Structure formats: structure tokens, C-alpha cells
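By letter and in written order, the chains are A, B, C, D, E, F, G, H, I, J, K and L; residue numbering begins at 1 in each of them.
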Amino acid sequence: MLGGREPEVYGIVTIQQINDALYQLAEKLGVEIDFFQSNHEGELVDKIQQSAEVFNGILINPAAYTHYSYALRDALAAAALPYVEVHLSNIYSREQFRQHSVTAALAEGLISGFGMNSYLLGLEALVKNLSGNNS
Amino acid sequence: MLGGREPEVYGIVTIQQINDALYQLAEKLGVEIDFFQSNHEGELVDKIQQSAEVFNGILINPAAYTHYSYALRDALAAAALPYVEVHLSNIYSREQFRQHSVTAALAEGLISGFGMNSYLLGLEALVKNLSGNNS
Amino acid sequence: MLGGREPEVYGIVTIQQINDALYQLAEKLGVEIDFFQSNHEGELVDKIQQSAEVFNGILINPAAYTHYSYALRDALAAAALPYVEVHLSNIYSREQFRQHSVTAALAEGLISGFGMNSYLLGLEALVKNLSGNNS
Amino acid sequence: MLGGREPEVYGIVTIQQINDALYQLAEKLGVEIDFFQSNHEGELVDKIQQSAEVFNGILINPAAYTHYSYALRDALAAAALPYVEVHLSNIYSREQFRQHSVTAALAEGLISGFGMNSYLLGLEALVKNLSGNNS
Amino acid sequence: MLGGREPEVYGIVTIQQINDALYQLAEKLGVEIDFFQSNHEGELVDKIQQSAEVFNGILINPAAYTHYSYALRDALAAAALPYVEVHLSNIYSREQFRQHSVTAALAEGLISGFGMNSYLLGLEALVKNLSGNNS
Amino acid sequence: MLGGREPEVYGIVTIQQINDALYQLAEKLGVEIDFFQSNHEGELVDKIQQSAEVFNGILINPAAYTHYSYALRDALAAAALPYVEVHLSNIYSREQFRQHSVTAALAEGLISGFGMNSYLLGLEALVKNLSGNNS
Amino acid sequence: MLGGREPEVYGIVTIQQINDALYQLAEKLGVEIDFFQSNHEGELVDKIQQSAEVFNGILINPAAYTHYSYALRDALAAAALPYVEVHLSNIYSREQFRQHSVTAALAEGLISGFGMNSYLLGLEALVKNLSGNNS
Amino acid sequence: MLGGREPEVYGIVTIQQINDALYQLAEKLGVEIDFFQSNHEGELVDKIQQSAEVFNGILINPAAYTHYSYALRDALAAAALPYVEVHLSNIYSREQFRQHSVTAALAEGLISGFGMNSYLLGLEALVKNLSGNNS
Amino acid sequence: MLGGREPEVYGIVTIQQINDALYQLAEKLGVEIDFFQSNHEGELVDKIQQSAEVFNGILINPAAYTHYSYALRDALAAAALPYVEVHLSNIYSREQFRQHSVTAALAEGLISGFGMNSYLLGLEALVKNLSGNNS
Amino acid sequence: MLGGREPEVYGIVTIQQINDALYQLAEKLGVEIDFFQSNHEGELVDKIQQSAEVFNGILINPAAYTHYSYALRDALAAAALPYVEVHLSNIYSREQFRQHSVTAALAEGLISGFGMNSYLLGLEALVKNLSGNNS
Amino acid sequence: MLGGREPEVYGIVTIQQINDALYQLAEKLGVEIDFFQSNHEGELVDKIQQSAEVFNGILINPAAYTHYSYALRDALAAAALPYVEVHLSNIYSREQFRQHSVTAALAEGLISGFGMNSYLLGLEALVKNLSGNNS
Amino acid sequence: MLGGREPEVYGIVTIQQINDALYQLAEKLGVEIDFFQSNHEGELVDKIQQSAEVFNGILINPAAYTHYSYALRDALAAAALPYVEVHLSNIYSREQFRQHSVTAALAEGLISGFGMNSYLLGLEALVKNLSGNNS
């Protein structure tokens, strides 16, 4: 499972804290996860392509790339894994350009606005979907 | 806590099943909830206005009203309770008009695309927010 | 069969006259119809939901709701009955906002501009469609 | 004369205070008024239709319905009474969507931004218009 | 009465079948009709101009020209005959560009989506209008 | 208090009549007013700048400048006086370009459509606002 | 010199009268002209292509084709003759779609709104341009 | 007759030359004209208002004001004189913003692209219109 | 195989040269081709309709019709033959209106900008597609 | 060198202070400058036209006219002097309408957001450009 | 010659197969090529900058970057080599955002929709252009 | 202080020359600067994040990334350092897409169009701002 890119500016939690919380939740849910963070669109694309054969799903916060990276979208489409898109802040309360996501259309679903909890709820949602529990 | 309006068309779960699952989760989370469903925009507005003095938060699926009901938006703003917006389907995979929500800007956050789980994750998120757990 | 909502302003015929003419035509065509009129979007939605199990088709004039009621659209989609959309006036000769119908995309077809005859032609079209006569 | 719909959020005056002030002014101006408030679009439409035969003019604050209710617009057009549209807040200082009114085009005029005074000035304007004093 | 242009792709009925059905209906309604089909915008314009002195009304399916032929629109305006616009398919269920008709604004009315029946209903509507039966 | 610019075309009242009626109303309300009229955007800007130190509020009909004069807007913002915007005609019943006001966003409020009464109601509204009577 | 296409609807003058007046003016100006009229876009394109070698300039009223015929525009560009575009009516006083001309950008100039005089003034302008008299 | 505003940049003719040519043509046509030039929108508005009682028509080149001066438009509408709008250059061959004229809709007609001849043809057209010669 | 319409203005090659080169290439590729050129949209539509039964594919340069001829698009769709769209010039380097093609969406593919070579490459591509060589 | 128009609202520096600082900098740079300020678009246009023969360059803050004054743009184009556009505030951090400048396209360059320093940097840039120092 | 970036998702051919086919074709055409593939926009920009001195032309499939990478566009413009843009799929049959290419305007030409053949045809076209064979 | 990214195409000065001139000016202004150049959006983002703790301000030329890199914008916002945006060319004289900057809104100010001088003026402006000299 691929963790997304996360800027330090969106709350007082650090990437490390989110990382730890996700690993704890993963253990509780009985799944294995791997975490990846990069500022480089190309590295995210590379990672997603490699994930296709290794993981069963992707939990991603595309941050600013949400709003224009068709490369990320195409990589996610090519990987053909179910993915859940999460955002720390509620993107609908912010600037106009943040209210359009080029990656959301192909996602299982989107969770936005709950700070670190967006990641945890996203992991929960993804695992439920992968186990067929989304009647 | 006010349950939203839900058409039967978006999955095999019935409103009753969502209702039951929400009550179970509420019990587990140690909160009391109340459920309300109506096809009438006016009744939803009335209910939200009454909620302001009775509840601590709102979990709402505004269904089709998501896309045009400024009356619902104003009622939610007037109630001045934190609320979480949920959708059964991923609204970003559907028709263009479904990709704009007039109510999302004032919400705590939005969860879209996980079927019945959208409600459960939404309740979880709302309760965490109300208890200050959203670092 | 559900009759639609009709404001008194669009011609000299009364709802009663349209009602009578529709019943006469229905008798001639050998079908049973039921008529419903309301100013309340929610009541129209309720009625459409109930129609799903009782009727084989819907003849509807959504009046002003034509232009913004996604709730009506979703109700019609959920009812999953073939429906014909009719308008007393030619909506293409009027204000810009009247030239977009949010309900027409899912209809069997649309008839607009023939006064009371829009209803009669619409009933004829609907009955022909239901009997498979639309080669 | 029909009073409009008013949410409690737009100032410290209550509907009751506006109601009282309007009755006082009406008495001073030598006119009789009636007051109606509802959160239900359909009830407002019903009330407007009934007003056509009982009143000489309408003073209306369509609140959130200002921005999308073509049903209200059509009802006002059908009633064929002169009406004045009022708003508590200055709708031009607020969100983009509040700056378009679907009902203003057919009104005698519009008064926006003066709190409770919007109603009082609106009643004054309407009575002057009805008495032909608008050279 | 001028029949319109019709591509063979929109159903299993041939132009000949529509032609026959229209002549039968015309006989039943006690009117005389003439039929014209062309792929050439200019020939349709010529025919419409000539119709002005010979016919009392026009039943037209402008096909693809519906969406851009201002020449056709001007010819129909110049002919100054009442006309009914028909479409085999429901143009509101198709590509975005098909949802705008440059000719509909000046028509008596529009009938769209009923296959061959669109023509028959259109003829019926036109004859009723010409005979003043459209209260 | 600065009177606005007024073209002679919008009614049978002359500027003189409006001027007189305003002075009468001012006297009745116990306030002093001054009147200024010009076709020159620059002179209106100059006058508004000078008003900042002399007057307590501005009553302005920006006429055609309503729709494009950012210079007027900036002058009104710089003057930092509360102002009320009035229009003789209902600008929402007219051409599309008249329905956008570049000056309304910063005004106390807007009154449109009541002929000479727009000025009188505007003065009343302004004086009430200045005296804190706008609960 | 190529005369354009002219519908009979835009005034009481006939094509014949315009034709006669143009021949008279041509004689007075000492130039030879030829006149062509067609409802067929293709025939106009053919004629314009043939004109390139025979005439020194083109006077054209593209009628409805003004607003969408890129084929006409390309033909005029290919002919590489100076041309003047004329319209009987003032196209800026009419429907929105008539206010855009796809052919005007490449013309010497445009004359619109003077009925038959548009043609006569256009011929005068074209002849002056061809003789270098347009300082 | 009011001459318009003219920048020196649009050709080698001076305002004086245009002025002289217009006076010569006026004499030939048997009409009296007066000429006015200003860079000041307000002075043009003043002049147009004064023209209403003195002249029978207006020949105007609104230059840059063509594209935004609703004040000029309102002044021309108020003057209620027939006017002809002229431009030295072909405004359809230039920047996008020059292709919209806020004053053309109310003009008798428009002549654009013929340098000094635009003025002369415009005077001719105006005089013909005033003498009823525009069949 | 239907050759398209080609204006003489887009290069120094003549239609004849393109024709010859295409016949040579066709011989080399072992296919038979037929060539058709017309300025008439209607003739192109007729030809395409007739091609459906005679040819296996279409190579078309719709020239100016590319940008607005929904009639051509519908004819190509009805013919149900694979087709390749070619352009002499690179349409993306030209006017804005040339950058939208109404026919490209249904084509096998598009080749633009290589002069006469666009035709030759297009024929090659079409033949490869028809022989299943497009892995 | 022409100083621009400056409203008092955009900082604590007065026009006098900017004036003084500019004269000091000019002396240091070895250039002579002249300063002009007006609220009147027409006076600014007059001044710019006169500058063409007297100055070598223009430093201008068009203030609100930045966003709509095509008259100013045309005057600057006609003067044919290099000019630098400056703004006290960062226009990209403000209202949407302030983010479009109709005058910037023809300027040497633009400096925005540095308060009084915008003028000083602008003078420096202009002098460097005039002396050919802008490799 | 620079090969472009290619995701594995657009067909059954692998990058290796395209690579091989291109080398074979290059040998047949008597040209030398080099191949480069990266998911990193920055690496593509670097490579293009380096190509300027080493290659005579560029064959590029910008994949998702086609739709937003102005960096790629600027790099291609700076390299000042003729380039041909190719796409595996027909971008005009896909999502709206894929129908705009920010790089196509500066290309020699574009080939879209022929799978691996797009590359081969593109190489052929590029070589012909470089050898002056594009009459 | 972080130098930005600079393509070689926008003038005859090399990055080295700009670099040298900036170091000279920095010495003269008594500040220390560091220079960074990369074609990689991710590396620029990394560098900006690292700058937050090391530098007091940023001088940046985001080149093509100006127009779409929300990642750069977010990095600059997160770094929370004052920054000045510079461009070699006047972006308002170029293609439409270059006239929107996604990074300018959060900058101290913007300087565009003065070649290498844009950098030098930008450094001067930034240092003045950091020292509080921007009254």
C-alpha cells in the first residue's frame, strides 16, 4: 500500500505521526502497508507503476498534484489498483482551483477535511473495499 | 445527530440497514444518534433548524439537493453545528452536475464513494471531530 | 400513470380540462391513468417513488422544476419507468434558463409547445412506446 | 400582502420583531397586511397562488430560494401581482452565487442590505407603487 | 408540407416507411402532404422558400443541420409558415452539441425521441395547430 | 451627502424634482444634504474624494458607470463613508450588462426600481444606518 | 465582382432592385460588375474560387453563412481578392448569434444596417479601395 | 451633427483632413454639420445630450470608448437621434476586445475599415436614412 | 476509398499531384482507391453515404467543414467505415476555431501538418488498420 | 516622464512623498522627470498624447483605469513611447477584476506590490531600458 | 532523435517493441536515432535541452504531459528542433481534457490514434520533413 | 536566498551572467545570496522547503511552472518566506496561458519584462522589503 505525498503545512501532525498511526491501524486491521513520500511527480509515478505488482490497493494524498497532474492520473489508471484519495483539509472550503481533482474520478472514493483522520478513515475504507465489505 | 435523505437506488442496502449499522456504531462509540429521512427539502430544512438546540453535530447525505439546494446550505450554516457530508457513490465518477456540491464548503469534511461505509466512516469522523481528536 | 404539475398561467385550458381530455384519450387507447398535481417538489418525488410499483409509465410536465430539480431527476431514474416529458409552451422560444432541462436526458422523449395537445400527444407516444410500437 | 421567508441567522431581530414592525408601519400607511413564513418552497408557491385573488401586492424575501427557485418565479409571474423583493444582507457583498436572483427580473424593484429596514422600506415602496406614487 | 432530411442510421425504419406512414396519417387527417429529402443544405433552403406559397405548414427533421444551420433557420423564418421540428432520437440523451437546436426557437413546437412516431405525432400536432385546435 | 448622477431619460421627473424632494425629506429627517450631478467620471471621483472630510454618508446613482467604473468604486472605497446605491429603473429587468454592478459590493445596500422613490427610500435608509437604526 | 446571397425577407426591395441599383452605380463609377445569388454554400464557394482570376474585388452579403461558414471564409482567403462585407440589417441589434461574423476578419471592411444602401455604399467603398483612395 | 473622437494614430489623414472632407461632402449633400472632438468621455456625453435639440442625427467614431463606455451608449439612447457608428480600421481584424461594441446595438448601422472613407460613407448613409432613402 | 476535399491554397502541390501520389502509393500497397473532391457539403455527404457499400475505408480532409459540419460527421458515422482524417497544415498552429474538429472523435486517427505527406501517411495508416496491423 | 495617478488609500506615503523620492532618484540617475496626477481619464489621455513629443518614456500607475480603460491603452500606443506600468499593491492578491490589465500588454514591463518602491524600481527600469541596458 | 515517454497501458505492444520497430525503420530510412523514456517531466526537459546540439529532430509522445506541461513546451521551443508529436490513442475520442495539447502548436505536425504505427508514421514524417520532402 | 529556474532562450545573457550580477548586487546591498537552478519541479519544491530555515527571502523565476505548478505554490506558502516573482519577458505581451500566474498571489510582488534587470530589481525590492523599507 502506497502512502502519498504530504506537506508539513496542513496541521500540527508530522508525516512521522501519520506514518505511525497508519502502521498501528494496519496492524489492527491485519494488513501490511508500505509508506512513500516525495515532492517529485515523476517519483510518485514511478512508485505507482511499481505498486501494480506488489500491492492490492493505494491510499494517496496527491496534495497539489491533485489539481493538475494528469501524469499521476494516468499512472493510477495504469496500475489498475483500487485507490482511495485523501486530503488533510476540506478542499471545498479553499481556493477555487483546489475544488477540482483530476484524480478523483477514477478513485474508489474520496475523504477530505479530517486532518490525520482522513488517512486513517481512508485506510479503513480501502481495506473494507478490498475485503468486499462495501455493500 | 441527523441522518440524511437517501434514495433506494444507490446500492443493495436499504435505509433500514444503514440505520441499524449507524445505531450499532453509535453505541460502540458511546454517542446517541437520531435518524431522519425525507424527500422534502423543506422538511430537511425544518429538521436542521430544530437540530441546532438538540444535537452536537450532523451527518448528512443531501443526495440530489447537494447540487442546488442553497436552502439546505443556509439551514446548515444557521444551525451552526459541525457537519459531515457523505455520499454513497463517488460523485466525481458521475455526471458533471454531480461534481459540484453547494453544501460541502461549510462542512467539516466530505466522504464519498464507499456505499454504506460512507455513513459509518462519516459518523466516526464526526465523533472524532466533536471529541477534539482531529490533530 | 402519473400526471404532472401544471401552473394555470400557460393557456386558457384548466387542469380539469387537461385531466378530462387525458382520461378520454386513455379510454380510447385502452389504458388506465391516474392524475397527480402538486406545487411541492417533495410530494412529486414521493409520488414518483410510489409509482414505480403501480404504473407502467409516467407522463410528466415538471414545469419550473424542469430546469433545476435534480431531486426529480433522481426520483425518475430510481422509479425506472419509461417517462415522457411534456411542456405546454415551446421552451426554446423563451428565456435562456428554460432551454435546459435536467430531466429530459433520461426520458423516452420530449414534446414541447402544443398547449394541451402536448399532454395528449405525450400520452399517445408513451402508450405506443409501452406497447413496443416505436420502430 | 405576503411576508416572506426569513432565517434567524441574518441579524439580531427575530421574525416576530419584523412582523410587529411591519404591522405598525402598515397601520401608519393605512393598509392591511398578512404575514406568512415557511421553509417549504411548495408552501410558498401555494401561498403566492392563493394571494393572487386576495392581495394587491407582495413583499417577499425569498432567502436562499432567490438563487434557484424558478418555481417561485413562475408562481410570482402567475399571481400577476406587483411585488417587491427584499434582502436583510447586501447580497452583492457575499458569495458569488448570491449575486444572481432568479426572481428579481419580474419584481417592481429590489431592496437589499438594510436589515429589518429592508422590509420596512420595501413595504413603503410597494404601497407607494400601488397608490401610483412612483413618478 | 415539407418532409425533412433523414439519415438511415437512426432506426430500422426506412425513409420509405416513414413516407408511407405519413401519407396514411395525412389521408386519415384529411390533409395533403408532399415529401422532400436531401443531404444538401442549399436544396432544403430552396425547397423551404418555394413552400411558402404552396403549403400551409412544414414538418421538418433538420438532422445534423439542427445544430448549426442558420441558413435553414432564416429560410424557415422567411417562409413564415408554422413548422414542427421532429427528431428520431431523444437529442437530450446524446452528445452535448446535439442539445442545442438553432431552429427550435421559431418552431410551433418540438417532438424528440419517438422514432418514426416523432413524425406521426408531429404531423398530428401540426394539423391540429393549423386547424386552431391547440387551446 | 452627495447626490448622484442622473440622466433625464429614466422617467418624467426632472433632476430638479428629485433634488427638491430630497431636500424636503432631508429637512424632515433632520439632516443636511448637498447635491452633485455630472456626466464626468473624473468629476464624480473628485467630488467623492472631497466628500470624505465633509459628509457622513453618500447616496449615489452611478448610472451607466455602475457597470464598469472601477475608478468610482475605488473612490468610494477610499472615501470610507457608508453609501447607498440607488437606481431609477429595476436593473434586473434590463439588458444583461446592467445586471452587474461594480460598486454595489462595498455599499451599505442597494435600492433599485422605484423611480424617484429609490432616492427617497435610499436617503431614509442611509440616515437610519448612520443613526445606528438598522438592527 | 461577385454579388452575394440575399434572402427576400430583409426589406421591401427585391434582389432585382438591388441588382439594378448596383449596375447603375457601377456604370456611374466606371466599373463592370457581375451578380451572383445562391442558397447553396458550395455554389458560393465555387463562384468565389472562379472569381479569383476574373474580378478585382468582391462585394458579399454572406447572409446566414456569415455566422458559421468557414468554407466561405477559406474560399475568400484563397481567392485573395479584396472584399467588402455588407448586411441589410444592423446585425448588432439582433440575436446574439448574429453578432459574430466568421468572414469579417479578412474583409477590407464591413457595412451593416442600411438596407439596400449597404450594397451601394459597399460598392463605393470597394471601388475606392481598389483605386487606392482610402488614405 | 456631431463628429466623433479620433486618435491620430489610425492613418496618415489628420483630423483636419477628415473634417474638411466631411464639410465638403455635407455641402454637396445639402446638409449642415458640426464637428466635435474630445478625449474626455464626459465631454462627449455632454455634447451628445446637447445635440438632442440641435441636430437631426449623429455620426460618431467612439474609438476606444466603443468597447466599454455604457455612459456613451446611454447618452446616445437618451438623445434619441439616429446615429451611424464608424471606425477607421476594420475592428474585426484586430484584438479580441475590439470586436465588441457596446454602442452598435442602438445605431442605425455600422461602417468599419475604410479609413477616412468610413466617415464619408457614414455621412452619406446617415443623410440617406434621415431623408427616408433606405428602402 | 474516398479522397477528401482540398483547397488549392495550402501549399504548392496541386490536387492532381496529391491524386497521382496517392494512386502510386495505393498501387505499391496493393489497394484500389477512388478520388473525390467537391466544395459542396451535400455532395460530400452523398458520396460518403454511397461509399458505405463500395469501399473499405475513407481517407478524408474535411477542410473548413472540419470545424462545423455535423452533417459530415453524421454521414461518416452512418457509413460505418473506418476513416482517417488528414490536414495539410498543422491545425494547432492556426486560428483558435481551427483547433476543434467535429469529425475527429469518430476517426481511427488524425494526421495534421505534413502537407501532401499527410495524405500519404494517412493512406498508409488506413491500409495498415484495415489489414489489422496496428498492434 | 509622466507620473501616474495615485489614490491616497494604498499606503501611508502621500503623493508628495512619492513625487519627492522620484525627483531624488531621477537626479541620481541623471534624468529629468515631470509629474502628473489626475482622476480624469480624459486628462490622462491628453497628457499622454502631449508627452509623445516631449518625453522619452512614461512611468504610469493607471490605478483603477488599469482594468478597463482602452482609451488609456490607445493613448499609450499612439504616444509610441516605452512605458513601465507600476502598482502600489500586488494586484494578484486582490479581487479577480484587478488581475487583468488592459495596458500591460504594450508596456516594457510591469512592477507590482512594492508600495512606493514600485515607482522607484519602475523609474530605474525605465531609465535602464532607455539607455539600452537591458540585455 | 529523442524518443518520447510511453506508458504501458495503451496497447499490447511494449516500449521495447516500439523501440525495436523504430530502430528498424530508422535503419531503412538511413537515419540514426536515440531513444529516451522517463516518467519525470524534469528529465524530459533536461534531455530535450541536451538534444538541441546533438540531434536534428525530435519524435515525442508527451503522454499525460501533453495536456499541461508548459515546461515541456518551453523546452521544445528552446531546443529549436523540428519535432513531431505522436499519440498511441486517438486523443479526440477520449476525455475532454485530452483534447487540448499545449505542445502541438509548435510541432511540425501531429499523428494520433494508430497505436505503434503512430510512432513509425511519425518517424517517417519527421525524416521527410528534415530532408525537405514535404511539398 | 534562492535563485530560480531560468531557460537559456529568453535573451542573450547566460545564467552565469545573471548569477554574477546578482552576487555583485548582493554584495553592494550587504546581503548573502545562494543560487539554485533546476528543470525539475520536485527539486525546486525540495529546495524551497529547505530554504525555510536557512534564508530570509526568496527571489524566484518559476518560468513555465508559473502557469500551472500548484506544487510550487504550496511549497512557497509552506516555506512562509517573503518572495518576489520575476520574469525575463513581459508575460502580458505573450500567449494567453502565460498571463496567469498561480504563484503571484502569495508573492510580495512581481516584476516582469526587464530581462536580466528583472532579477536585479527583484533582489533590490526583496532586500528593501526585508529591511522594512516599503512604506
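Rule of thumb we're sticking to: a residue touches a chain if its C-beta (ideal position, glycine included) is under 8 Å from a C-beta of that chain, and two chains touch if they have at least 3 such contacts.
Keep in mind it's a predicted model, so treat the numbers as computed, not measured.
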Checklist outcome for this item: Hop count on the shortest chain-contact route linking chain E and chain F comes to 3
Checklist entry - What chains, if any, are shared contacts of chain D and chain F? => result none
Checklist outcome for this item: dist(centroid_CA(chain A), centroid_CA(chain I)) in Å evaluates to 45
Item to check | Centroid spacing, where centroids are CA-atom means, of chain B and chain D in whole angstrom | outcome: 32
Checklist entry - Where the CA atoms of chain C average out and where those of chain F average out, how many Å apart are those spots? => result 49
Checklist entry - So, what's the distance in Å between the C-alpha centres of chain J and chain B? => result 54
Next on the checklist: Where in chain A do residues touch at least two different other chains?
Outcome noted: 40-43, 68
Next on the checklist: Can you give me every chain pair that touches, using the contact definition above?
Outcome noted: A-B, A-K, A-L, B-C, B-D, C-D, C-E, D-F, E-G, E-I, F-H, F-J, G-H, G-I, H-J, I-K, J-L, K-L
Item to check | Complex interface listing, chain J residues touching chain L | outcome: 11-13, 17, 90, 92-93, 101, 104-118, 121, 124-125, 128-129, 133-135
Next on the checklist: Show me the residue ranges of chain K that touch chain A in the complex, using the header's touch definition.
Outcome noted: 7-9, 38-43, 63-65, 67-68, 97
Next on the checklist: Can you tell me which positions in chain J touch chain H when the two form their complex?
Outcome noted: 40-43, 45-46, 49, 68-71, 73-75, 77-78, 102
